[in-house]
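One chain, chain A, links the two complexes that follow: it is found with chain B in the first and with chain C in the second.
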Partner chain A sequence: MKHVLYIVFMILVATFFWVLMNFFEAYKLENNVIPFAGLRLSTWLENFRSLAFLGIVICGFLSILWYLLGQWAFKFNYWNKKFRAIWCLFLVLTIIVTAILCFLTINLQEGTILVYIFYFINNFFTFYLGTLLFSPASVKYTPLGAEYVRHW
Partner chain B sequence: MSCFVIGVGGTGAKCVEALIHLCAAGLMPDNESLYALFVDPDGANGNLERARNTMSDYAKCCEENLGVTNLFKTSLAIADPDVWSPFGDEAKPTLGKFFHYNTLKEENQAAAHLFDVLYSPEEKETTLEKGFRGHPSIGAAVLASAVDFGNQVPWKTFRQSVEQSIGEGGIAKIILIGSIFGGTGASGLPTIARLIRNKLAGIQNVRIGGILVLPYFSFKPVEEGGIKAASEDFLTNTQAALLYYHQKATEHSENQEMDLRSFKTVYSLGEAQLSSMKTSSLGGQSQCNEPHFIELYSALACLDFFKEKDTADGYPMLAREQESSITWSDLPNYEELRLKLEQLTRFSYAYLTAYRPMLKNIAEGGSQYRAPWYIDFFKRAKLNLNDTTTRDSLKRIEDYCTSYLQWLANITASTKTPTVKLVDYNTFAERKINNEVIAVDLKKHGFDLNSFDNLLQSEKKEPDNGLNNLWARMCSAKVKDPNAVGVGRFFRALYDECGKK
Partner chain C sequence: MKGFIVAGKSSRYQQILPLLESAVLRGWKDANVVFSKFGTSITELPERSYLKAQSTEFYADPNINKKTFIQEVIKQAHPDNLTIIITDLFQQDADVNQITEGVKAKYINGNLAVGVLGCKSEFKGKIFDVGPKAYTFEYDSYDDAKRFRPFYVLALGKHSDISNYFDYVLKDGSFLSEPQPLIFSRHFAEKLVSFNGATITEISKMAEVENLIPIDVKDNRVKQFSIKNSSDVNGSFSIPLDFKALPYTIPIKPQELKPEISVFKCGTEQNPNADQNNEAEAVRGLNIKANLNESKIDLKADVVPTNLPDIGIYGFQIILRPSNYQMPDWVINWNMDGGKVEEWRTSPNDFNGATTYNLKPFLTNLWENTLQIHNPKVAELYCYIKKE
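And now, the complex of A and B:
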């Protein structure tokens, strides 16, 4: 039951960033980006929303994958395995996903940096917060900073 | 303090060793403490030394602040000195010197002549620092003269402890354990029991029990000359001893000093198939035989004696179902026994194979990755692994767990026939290279990590994920007992989680 609950919480974290993206970031971008001539802002925002959503889904999936590995796949009989390196690899993947999204996003005349920042925040923190707060017990302090934050 | 155990001779020491392990598992009755004393003229005896080390390790582990738990729950008072020899510090005692034979010849010729009739010149002159050489007649005379409950330690403190226990309204249960086919045990058991009974005559709340261990092992003839024990004499000695006990138990005597009905309860234990011991020795450090399952039975007999509220007269009996094997169901009270020994075994196994190595690595400045249980029980509790107190605690538990698993493996491997099917010792121990004698040592290069859940199954079994599951539980473990403090919280958590599957 606890496993289901934690995975649901991870999904909720991803959902939070999806809501943030849809209602805050999109609003911010609407007032701060200028597409090139011939491209309507609504079209560009649609592109942004789709790609941002994809990024959140992928990173949410990565956090759930981390949970499944930590709970059922990693063997702790051999305690000297470097599970933190595996978590860091997943974290790097979120950055790679962000980079890909940046590449796929339609170019802007102005406001590109803000878009990249929003992609990074959504993807990175979907994974980081999900794993920081809801990693399975055996790896609950593996995410960086978890031992200072997590007390459950 | 209401339970007293006196291990007489080498076999007595080994049985006390087994009892200590059962105490560690929490099998002693609740709210009882144990007072332990060894009687052996051979203070350097290897069997005795191992038992003393186990007792000492146990006593140190009792100080670990584990809270209210079965693990090391019984407090242990060790006599001071823990080993009593009738010869004191005498380096080369002889029977003649002990009874001042030379003086006797000059001052009391009749007594000297009686001495000559009872003992051969060899018996009078053989040095006894390695024991009574399989001659209970020597031991009985020496022990009867040497025990002094008035002024001599540890007998004085023993008597005081017994009187204190009775004074507190309890029943003092004193049990003596020894072999009846050797020298020290055969002479010590009836003699010391009688002396105790006579000293405490008139006091109602004292129960004296005896565990008479019959032959269960043999050894090759000792090469040294002179009088010595020989395993081919064991059965004859046993027959004579049992006839003696029977005679004295049934005859009526007005002389209470001679009335040997000192034991309220007697347990006789033996095994038809004698196990061959790896060493043949007169005594000393080289006389260090591997643990045997009969000693486990002896320890269980102690528990039976300590648990009875009103110990009745009688001779409890026990037999096993199959001649060729011993399984858990052949042991008395086996359900509780198996449960608690399994928990202790899992605790020892897990600690030695997974947790202790990691803690050592962290202490030596190893990997930066830290297991959650380490963060919870050490880092957040501000326990420094290099601090002397913490380091000593971890080492004490390690020492005890090592001696426990070693003992458990050896009693399981103690005989080829019957086979003892109590634990799969191959997961954590391996046989020493000696085709004739079975002895085991803990594996030097890691235990089998896939057999944790079924350690106490001797038959072939599927690999399991037990250690992995334990690790996961340890990472969420909480200890709510406020009496569990410091490193004790970690040990307590590990022990509690090892009780779950």
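And now, the complex of A and C:
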């Protein structure tokens, strides 16, 4: 039951970033980006929303995968620093996902940096916060900074 | 007109006469054609008797052949009908003004059109009413096409009817020598130019958006943009617009179109105390340059956000009108040099019968009246710009 709950919480973290993307980031971008000729702002925003959603889903999946591995695949009784490398690898994957999204995004005349920042925030923190707060007991201190945060 | 019937030849003038009826019968279903001959008075011609105009006896009627009062024909013509007048257009100065006034009052003022189809034909005979003193000259064009004498098919009525009529006459009139169709009308294009099918090719410092006006308003004349409230950066965009000129209309020259811009602020109630200075300043928030090239209008717009007084949505109405026109070369070439008339009086053999007295003033008058009354436009566009 606790496992289901933690996975649901991880999904909620991803959902939080999806809401942030849709209602805050998209609004900010609407007033700060300028697409190239022939492309309407609404069309570009649709492209951004689709790719950002995809990034959040992949990184949310990565956090759930981390949970499943940590709970049922890694063989130990207490946290082991060796698994931090695997967690860091997942973290790097979120950055790779961000890079791919940046590549796939339709070019802009202005505002590109802001778009990249939003992709990074969404993908990185979906995984980081999900794993920081809700990693299974066996690896709950593996995420960076978890030893200061995880008191449950 | 008698001189256009040349003995031993089938002149182009004779050949066009039956074509003038057949063009109507082919161009319109259920058309009813009525023929008249005119001069001093107007007489209706029953059935196919108009074909007697192909012989010289037709022109010998002493009740008709003293003077040619085209203005009477125009007076009697019904504006709902398509009226066709075959004439050599030789008019005295005063007559030119009377005819122009008649055409203006009945046709141009009534949003109707005037068409002129200039043709040339063999001629042998007398030419009357030449010059301010109404001299008469003998003239023979022989078989030299450069010496053929002009005659004109004047068409009065709806632009579409005149255009359709000219299409059929020209289609079947391959025998005509140098036919020159021209229509004076407020219409230049099949449709007023809009943004329909057009894509912005360049845009800078502003974004094209879709959400400034209600979503169910779909209008091809409208484009919407947003621009940041920045003091040192102007926005701009370029867009080529499709332009399809109607055939036979007067050429536009030079190519630059004249924009007329008016502005209103959206979302505020009408305020009689609104600052007029603000509105005058807001008009300067949009600068338009439009050039007509063949079948495209290249429109370039510059948006100056500092001239838009407040943040909000501004609606700009942009009307493009031709800034100048060029009478076709044939009008100038076929116009008689009035200054040479006295010279020809002393050397009649030098008389240039391949030109028409007062042609250019008459056609120029007609066109200027059309311009004055209608001031034709080629495009009407709307840009909504949100200053953020």
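By definition in this document, the second predicted complex is superposed on the first by the 147 of 152 C-alpha atoms of A that agree within 3 Å, B and C clash if a C-alpha of one lies under 4 Å from a C-alpha of the other, contacts with A are read in each partner's own complex, and residues count from 1 in each chain.
Simple rule for what comes next: a contact is a pair of C-beta atoms (placed from the backbone, for glycine too) under 8 Å apart; a residue touches a chain by one contact, two chains touch by 3 or more.
This is a predicted model, so every value here is computed, not measured.
K.L.:
Please indicate which partner A:116 is in contact with in the superposed arrangement: first for chain B, second for chain C, both, or neither.
P.N.:
Neither partner.
K.L.:
Contact-wise, after the overlay, does A:35 reach chain B, chain C, both or neither (first, second, both, neither)?
P.N.:
After superposition on chain A, A:35 lies in contact with chain C alone.
K.L.:
Which partner reaches more residues of chain A, chain B or chain C?
P.N.:
Answer, by number of touched residues of chain A: B.
K.L.:
Taking the superposition as given, does A:137 touch the first partner, chain B, the second, chain C, both, or neither?
P.N.:
So A:137 only meets chain B here.
K.L.:
Return first, second, both or neither, reflecting whether A:16 touches chain B, chain C, both chains, or no partner chain.
P.N.:
Neither partner.
K.L.:
Tell me the contact category for A:83 with respect to chain B and chain C: first, second, both or neither.
P.N.:
first
K.L.:
Which partner does A:61 contact after superposing on A: first (chain B), second (chain C), both, neither?
P.N.:
It touches nothing on chain B or chain C.
K.L.:
Okay, in this complex, where on chain A does chain B touch?
P.N.:
Residues of chain A touching chain B: 71, 75-80, 82-84, 136-142, 147.
K.L.:
Could you list, by residue number, the parts of chain A that touch chain C in their complex?
P.N.:
On the chain A side, the touching residues are 31, 33-42, 109-110.
K.L.:
Note which residues of chain B are touching chain A in the complex, please.
P.N.:
354, 357-358, 361, 366-372, 375, 379, 449-450, 467-468, 471-473, 475-476
K.L.:
State the interface residues of chain C toward chain A in the complex, per the touch definition above.
P.N.:
Per the stated touch rule, the residues are 199-211, 226, 228, 237-238, 388.
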